Amino acid sequence: MVYSVAVAGASGYAGGEVLRLLSAHPEFEVRTVTAHKNAGQPLIEVQPHLRSYADLVLQDTSAETLKGHDVVFLALPHGHSGALAAELGDSALVVDCGADHRLTDENAWLEFYRSEYHGSWPYGLPELVRLNGGKQREALAGVNRIAVPGCNVTAVSLALAPGLRAGVIQAADLVAVLAVGPSGAGKTLRTDLLASELLGSAHAYGVGGVHRHVPEIVQNLEGASGEKVTVSFTPMLVPMARGIIATSTARLQPGVSAADVRSAWELAYADEPFVHLLPEGSFPKVADVLGSNSALIGLAVDEAAERVVTVTVLDNLVKGTAGAAIQSTNIALGLPETLGLPVNGVAP
Amino acid sequence: MVYSVAVAGASGYAGGEVLRLLSAHPEFEVRTVTAHKNAGQPLIEVQPHLRSYADLVLQDTSAETLKGHDVVFLALPHGHSGALAAELGDSALVVDCGADHRLTDENAWLEFYRSEYHGSWPYGLPELVRLNGGKQREALAGVNRIAVPGCNVTAVSLALAPGLRAGVIQAADLVAVLAVGPSGAGKTLRTDLLASELLGSAHAYGVGGVHRHVPEIVQNLEGASGEKVTVSFTPMLVPMARGIIATSTARLQPGVSAADVRSAWELAYADEPFVHLLPEGSFPKVADVLGSNSALIGLAVDEAAERVVTVTVLDNLVKGTAGAAIQSTNIALGLPETLGLPVNGVAP
Amino acid sequence: MVYSVAVAGASGYAGGEVLRLLSAHPEFEVRTVTAHKNAGQPLIEVQPHLRSYADLVLQDTSAETLKGHDVVFLALPHGHSGALAAELGDSALVVDCGADHRLTDENAWLEFYRSEYHGSWPYGLPELVRLNGGKQREALAGVNRIAVPGCNVTAVSLALAPGLRAGVIQAADLVAVLAVGPSGAGKTLRTDLLASELLGSAHAYGVGGVHRHVPEIVQNLEGASGEKVTVSFTPMLVPMARGIIATSTARLQPGVSAADVRSAWELAYADEPFVHLLPEGSFPKVADVLGSNSALIGLAVDEAAERVVTVTVLDNLVKGTAGAAIQSTNIALGLPETLGLPVNGVAP
Amino acid sequence: MVYSVAVAGASGYAGGEVLRLLSAHPEFEVRTVTAHKNAGQPLIEVQPHLRSYADLVLQDTSAETLKGHDVVFLALPHGHSGALAAELGDSALVVDCGADHRLTDENAWLEFYRSEYHGSWPYGLPELVRLNGGKQREALAGVNRIAVPGCNVTAVSLALAPGLRAGVIQAADLVAVLAVGPSGAGKTLRTDLLASELLGSAHAYGVGGVHRHVPEIVQNLEGASGEKVTVSFTPMLVPMARGIIATSTARLQPGVSAADVRSAWELAYADEPFVHLLPEGSFPKVADVLGSNSALIGLAVDEAAERVVTVTVLDNLVKGTAGAAIQSTNIALGLPETLGLPVNGVAP
């Protein structure tokens, strides 16, 4: 069976990446693409890299155009999918690449997003370890709604959850600093996103605990540890179009050996097809995962600083967004989880 | 009076930057430039951006060629300046841009550099606050030897020392993560420094407490706090030729207010010509300081994470190396500290 | 049937890209990967982005290790494949990604490459139009030897051949200037290929008619026009890891209309799956084709300058090397030409 | 005497660069800075790299705020300086960094700029050779109006004018292709100028003779040759914040030797402080001139293609705009031409 697919927000970076990945997926057929201000244009005019969709025209983003498909991917700005999704009915699988259905805590939503709360959906990070010993993929089988995680959130959550669940690192005082590409901010006309501003430069944003990804990180990591989590989170925009490298550190639990630490991560990801712990002394580079659904983690124990240091790379548009969406969709539909998803990075 | 100057290691990035800055300095006249494998070549063949030095030819790096100048800048690989400096006599001011004379603790030197120890020299970071309430510049007046700090060290030390001296942050469990350009690694032929490897990518190095800048950071910050310091330090190489952005965080001292925190940094840098605390809510970008001797610091208090977060930018080749060298030389010679040094960045 | 494959030079950029593309190809199974100085290492240590090959170990590059496969891809430095290929026998399809078998003119080879001549092989640029009205793909069916074109050559040849065959542009005085990424130069330790040198900068090389790609361009374009071709060719290295943008211009044939010009290119590429002429007024960007086997061409007629201007983009490692190799291999083996090859770019 | 200065358009890239250079100039004192939408803000909020101007506040751009200064630099969008300049009176030296007063041919202005024509001013490219054997600097002494050239125009004009004046290259069929950074397009919110679009990519614009710099190039080169000039001009945007590398080629005049060619350029620039011909076989890189007022030219004769090939680099914001403005101002005021202008590039 081939599933019919609609992609809303097809003129943006996330929507474009969903389409790029879908073009290599054998079980999906994209029938409808929608946009807001580009509605009416051929898709290829707006996304000239998507040659395989030369015959699709962008339609308006509305419940009418999106209805009647087996799967609907929403790649809309935050705050735009909640109301729309409610109109789509239960028969379609709706996959929200935006933030609207990620947070289970209404207060956290209201504090960080300052817009109407639409409830939470099953969370599309299959490899996320949970306190009970399972992983998040168990919660995705057969669902008809998926909330795709934030890209930075995925990097930090994959990096630290194994150690928290195993109890080898402390839940308090986590520190994550990321170097990220601007595509995570979308195709947004803002001075700080201009090439002239970012080429040869870098800057931090959302400093001091105000970034919207903070409560989502806490939610994931508390799910792994069972304890209250505190995290200092700072993303820095650097001049690479896509990709995330996250240095996430945690205080070593007293009395835990370096071997115990490594075991916790090995155990968590030994059988994962997309998430890999690198051997001792190896650390990943962003190019290793560009264009792919892979995430790579390097791990060290700094005995003097009494901290575990993890370095995680992923492609914000693939494992951080579109790849996670399709991987989770595969699970929800009972397809092989890895179907249609690349594991090899486009390097150099 | 115009001082005669020799620059050893003039074919490298640090030596080139010393020369670039000296070309705008009214009190120095570069008479001699030396190199190792490029000896015999016109300087401009190796450093074609240094048009003002069109008549200089690179000589061998040796005590013979360097002797007889008022000031000698050494921009050599680590481990190469110790023995050479000893031959230069006391009449010249010798400024070592390398690591050989930075560490006061011989054991730390032996552990991290694994080569012969040559003692420590007055440390060229004038703005560094010290436990006794003074700053490092007091120790530089009239000296005939200067050890220029490491570039990453400067970023982290300037970022955290004010809070440590004021007692508003804790000395234990500091965490610094930096995004840095490859020029800090010098003109070195290594696969990971190739443009193909770094363009569109990023990677961490020296992860887990093994980077050679760790003991120097500890030395500086213990000098500010008077307590034992522990720091988790992780640099990430990102695709910008020069520049450092350092996110340095520390645990907030219990009971300290955000206003107290800000006051500590304001007090430290209020009168500094090159180091500036940005207003609340403002954070710097690397381009703001490129080519200049300025360092900019943004500061936030993350109440939920109980951490103070600082974001510091500087140009690794200027304030991180050559600018610091000349600024300290100005002090040592009794010249105006800011003489010949640019404060405006080359942006965009 | 699944063909067994060996890749020689698997530690380099071209060899790595052959492997990345082969991992998505349903009819090839990579059994052997070889290298020179990295022989003995797991492939994934040298090419950490190639996660799907986690179980392969690099062997020595020799006729012994390469023999016994259905297809052998050679991704070796120029001058290294000629002798080796001669040892591989006729039963295997040998595909040379290097220059050794591209030139049909021995004198041109000797002048530009200054090494032993090994003869020419069928040329792997299927879309290249020829004077007789056919295309190069006709010469590839069933062959057991393929010479993969140079990456810059492909860009310029695809750009200008249609106009030359149609007689709407003149064969004399072609001018091509390209901005190219450094991966085309391979994983070579050279100062001018360092990230510090190229980030924020650009430089030309092979200026004045001395670049080795000149005789190959002439060979292709004379094959399309039947006349003596002269071309001024200048590549400029710019700070993007991969990709080529070629501005190739030609003198308009007197009396030819802009519509005639456009028709020539439309006719040439109307049915091509990988090469596309963009609509009037549209010009491509490099990101449109990154990671894909597509080439895009924009076209304008400058009446005042009496020149036809083409702007062509392609990925030097895909359509410029590895993709062309696999596309030509598909043809040679009678497989669908597009099998396993991506058409959508990885953008942004 | 210190001249009082006003800078209009101080919030943009060109205005910012004028200010950066003026901060190192001993004879100018900036009293007034103006902007449009940023009026009322401290300059340093908008241009945080300009630390030396911490006490200036942006005023409205109007004749009122600009009047009463010795020198007024206009760094406004094209079409905005013509009317304003007319209000400023004759006592001030007005230097227009925009296009409004560059073209002497009203028809060319109307065709390419489609706005009101305000006449032409003395042209601020001192090194431009002229048919009569002089250079453009002779026309700048004592003037009270200066039109600063376009940045691409400067690169192509300096590259080709010497050969045209000397008659060693032909005036017909010039071809110039440039790789340029996005800062030349200003701080403009356009999708194609976003970092996500340009990082790792490149694209051409103004293809086919429609770029506004074409008539200005023709004007300059006809002034050097005395003959009708035709030029095919194509700029390509590449991922470096600033800088231009121009490959400009011309048909060799029959019977002219390579030595004659080189002599023409040597003669033109032998005594120039900012424009230099590199030795045979040497070609410049953009980083050599970043932040400086230098332009470097490499030259080759391609005998087979019968073309002279020049490769020119300059910083679009310095020698291409702000540096040219100040250099020409120095001449107009009778100051040393090089006063306050850097010749050394900020590399790497």
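For clarity, chains are labelled A, B, C and D in written order, and residue numbers in each chain start from 1.
Just so it is clear, a contact is a pair of C-beta atoms (placed from the backbone, for glycine too) under 8 Å apart; a residue touches a chain by one contact, two chains touch by 3 or more.
Listed by chain with UniProt protein names: A, B, C, D = N-acetyl-gamma-glutamyl-phosphate reductase.
What you see is a predicted model, and the numbers here were worked out from it, not measured in a lab.
Could you run down the chains that neighbour chain A and chain B together?
The common neighbours are C, D.
Using each chain's Cα centroid, which is most distant from the centroid of chain C?
B
Express in whole angstrom the distance between the two chain centres, defined as the mean CA positions of chain B and chain D.
Result: the chain centres lie 35 Å from each other.
Which integer distance in Å separates the CA centroid of chain B from that of chain C?
It comes to 45 Å between the two C-alpha centres.
Give the residues of chain B that touch two or more other chains, as numbers and ranges in rising order.
Residue numbers touching two or more other chains: 13, 183, 196-197, 199-201, 239-242, 284-285, 287, 290, 347-348.
If each chain is a dot and touching chains are joined, what shape do you get: line, ring, star, complete or other?
Shape = complete; every chain linked to every other.
Taking the complex as given, what residues does chain D use to touch chain A?
Against chain A, the touching part of chain D is residues 13, 181-183, 185, 187-191, 193-201, 239-242.
Quick check: in the complex, which residue numbers of chain A touch chain C?
By the definition above, chain A touches chain C via 13, 16, 19-20, 23-24, 47-52, 183, 199-200, 241-242, 276, 278, 282, 284-285, 287-292, 294, 296, 342-348.
Within the complex, which stretch of chain B touches chain A?
For chain B paired with chain A, touching residues are 173, 175, 177, 179, 192, 196-197, 199-205, 207-209, 214, 230-234, 236, 238-243, 245, 247, 249, 251, 283-287, 290, 298, 300-307, 309, 311, 313, 347-348.
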